[in-house]
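Read through the structures below before going on.
Next, two complexes with chain A in common: one pairs it with chain B, the other with chain C.
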Partner chain A sequence: MSEEKKTFGYYPGCELRNRVKGLDLSARRACRALGIRLKELKDWTCCGGLVPQVKDNYMGFLAPARILVEAHAQGFDELMTLCTFCFNTLRRAAFFLQGHAEARKRLELFLGVEGLPRVKVIHLLEVLRDHVGLDRLRESVQRPLKGLRVAPYYGCLLLRPAQEIKLDNPEAPTLIEVILEALGCEVTDFSSKTDCCGSYHIVTNGQVAGQCSDLILRSAVKSKADMLVAMCPLCQFNLDWRQKQTRTAPLPVVYFPQLLALALGEPVDTLGVAEPAATALSALGSPT
Partner chain B sequence: MSQVISLHRREEELIKEIAELSEQNFYACYQCGKCTSACPLTFAMDEPPHQILRFLQLGQAKRLIESRSPWACIGCLSCATYCPKGVDLARIMEALRTVHLRRLDAPFCYTQDDGERLSTLPQSALVAALRKVTW
Partner chain C sequence: MARQESLAVVKEPETPAEETARIHIMGKSYVVPAGLTILKAMEYAGYRLVRGVGCRGGFCGACATVYRKAGDFRLYVGLACQTGIADGMYLTQIPFYPAPKPLYDIHRLSAGGETIFRFFPEVARCIQCNTCTKVCPQGLDVMRYIAAAQQGDFKRVAELSFDCIACGLCVSRCPGEIAHYHVGLLARRLYAAHLTPKAIHLRTRLGEIQEGRFSKEVETFCKMDRQSLQRLYAQRAIEPEEEVALPGKSNSDED
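Moving on to the complex of A and B:
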């Protein structure tokens, strides 16, 4: 077992400081249990939420570029994120800025820096796959999540665009599945795992977002899942919101790091799990 | 439903602007329709994704700038993932929105909302939704 004591920069993002503290808390506990050292980026700012997709909008890259500059100044060459929005925005911005000299020149002038640094933006899933490894993860499990049927939901921004994100196959990903199986879960065959939840249409047209969420929920229920595991705070919000609105028998939605921390032996009441998932997970019993 | 389009009146200036902003080649599209079948939001659109490309090929851009489809697009990139010709339709949608914002008035589908509901929404959704109408 290699004992590489690397410290990753950690960028939580706005949601993890407010509405979804459980995602931050459980990921920190899981990383501590696995010996992954995280150091939160000091004085972090908004990631920007989206990257521009037209040629002449350089200013849209300013928010993520500022974070990359800060991360480098604070000594990090790899920056870990959890929120899918932050991950997608920062990773795409880093990719774009490497390939566009004109954009780099303008942003350097605006930020008052000489040369934009190369900082690798990574996701917790990659840290588990590439730095911890599945074998060590399997050995670290204290409370195998036996008998728990989980629908693995990726959403859209975690994987796409594949040529920039390069995390997993955008059409038939398996990364979350193999990790969940290492934790002892049973993963269901869930056809809507890369579908869009309706995203920020929730702001302007809840019904549009709701229709998108419906398809995902129906598909997860059809796969006979006990719960759905989400990566993104907005996916979780939309799926929960839709279930409350339609008053269907709820399919609990948990964040991936909550299941991870639980399997690593962390007590369920320290992970910020919301109902009804908290009750379902409490039934799993104590670590062996 | 059939629609009559005058092929003699190509809106070249607009077409050029959309091609430059999006950096996409509309003429690569051979209308297989994979984008439309992959898109999760066609039900909220007046022009389905593959027809947007067809209209651009035919030089008809103004109707697309006034269409609600670019505002329904959320940039999930299902279309770009499944396109066999490598066309990134999400970039074309953003170019259409950009031209709309730069040339026309207020965005198509944004309405005033009560602050109380907005305060219950996730920050990421608010930031993303606002950015969509301000750049």
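Moving on to the complex of A and C:
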């Protein structure tokens, strides 16, 4: 690992500008603490939210293709994202466009560019694994999260479809676990960690989304976790929405970068942590 | 046919009247003097414009026009009062394009992205095709101001959309059926009402007026004859420009 500061292009995504500012804020703080420079893409647009399921729907690939073109034009070969939807969309679009000459040709004509660039879409988790490394991460911890039992929740889109995303084993991932353990957390064995939260069913069929979220929450509670660690703004929304609806004693849901930044010594009140997780994390005390 | 001829260069108005151009207005062919603007050419051809014309100075946005040039697949746009005709031009005006126009009390809204989605949920249908930008006769980056609105960055929307004349061409071409200029207008209003610093000196002066501090002078002026008023006006003291201290941080009532 070289000591010079590594710079990544950074694509926050719309949700991180509006509803989940804490996800963006905490990741920026964590990266700064680790000596990683994030340079936000200038005047970025929406990623499209999903890649088209029909592969000749070229219009649906415009949004992610445009972001890849602009990332390259602004000098980035690697573009980091945080939101699971943005990550999934951009990574799958990049994968698809590399393998489909016809789609590439049509999008190039429409966008008025010569050749769609190869930009690698990466997740913060990969930056930690591949550029920082677990050893350096362990050394950088200022406030070990000792005694905190967390249920690591991946959801669907962070891992699947596995042959396109290639982040970790889609059925039995361990990436978040090893990183959380490096931060000092105790990670619970949580069988629903790759189950679906109900996703967009929340819009049209809340009952379905509620059932999905229930299974995940029950599984996490059964694993005796103090809190659930999420990566995706929609998963977090669905899980918290369900807990409000059922009025059970809530299992706090925290975003992964918030725990990361906290362990790296960032004050909890600067990380945009929502209640009840904020109170639970405040109890951990100051950095040693 | 005129379509086969090479493109005529748009001439300055002093072009001799005998030089002509063939243009096609809504599919009908007309020979008009070269060098006219589209608006003048339409009037020359006999159109009496009631809608689709306004300031004739490129500001009001009433005379949005779409056209094609001979032998060119691209769709061009322009304001009829500002765009010169060319031989072989095919054109039609889009004086108005339907767009939903919500009613709101700007002071009761919160200055966040959710307000945009509340009134214009279709903003989420933007696929970043950039057609709106390509079609804007003002050369605005329409797609990016819609993106900034999605993100709740109203300052950026205000910067990017400031020169919008609400001609509606963006609306006419959007596959997501977004009413861009109404989105921009809401964002600029939110920015002005909630995010820009308040003018404290204005509030103070309005208070003074309401308390009647200047009522006596106004009454005197009202009774004065024209000449005396003019003399007073010429003699008025002009204050040197002063730096007016603005509040340090942006003043947001609701968040």
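Everything below uses one rule, namely that the second predicted complex is superposed on the first by the 285 of 288 C-alpha atoms of A that agree within 3 Å, B and C clash if a C-alpha of one lies under 4 Å from a C-alpha of the other, contacts with A are read in each partner's own complex, and residues count from 1 in each chain.
One rule holds for everything that comes next: contacts are C-beta pairs under 8 Å (C-beta built on N, C-alpha and C of every residue); 3 or more make two chains touch, one makes a residue touch a chain.
No experiment lies behind these values; they were computed from the predicted model shown.
When the two complexes are overlaid on chain A, chain B and chain C sit side by side with no clash. Residue contacts after overlaying the shared chain place A:83 against chain B, while chain C stays out of touching range. In the overlay built on the shared chain, the residue A:45 is in contact with chain C alone; chain B does not reach it.
With both structures placed on the common chain, the touch criterion links A:211 to chain B but leaves chain C unconnected.
Of the two partner chains, both chain B and chain C are touched by A:14. Of the two partner chains placed by the overlay, only chain B lies in contact with A:201; chain C stays clear of it. The partner of chain A that touches more of its residues, comparing chain B with chain C, is B. In the superposed model, A:66 makes contact with chain C only, not with chain B. Think of it this way: put the two complexes on top of each other by chain A, and the tightest Cα contact between chain B and chain C is 5 Å.
Comparing the two interfaces of chain A, the one with chain B and the one with chain C have residues 14, 18-19, 46, 48-49, 59-60 in common.
Within the complex formed with chain A, the residues of chain C that make contact are 112-114, 124, 126-130, 141, 143-144, 147-148, 150-153, 156, 175. By the touch criterion stated above, chain A contacts chain B in their complex at residues 13-15, 18-19, 46, 48-50, 52-57, 59-60, 83, 85, 156-157, 160-162, 170-171, 194-196, 198-205, 208, 211-212, 215, 233-234, 237.
Considering their complex, residues 20-23, 40-41, 43-44, 72, 74-78, 80-82, 88, 90-91, 94-95, 98, 109-111, 113, 118, 121-129, 131-132, 135 of chain B touch chain A.
Against chain C, in their complex, chain A makes its touches with residues 14, 17-19, 43-46, 48-49, 59-60, 62-63, 66, 110.
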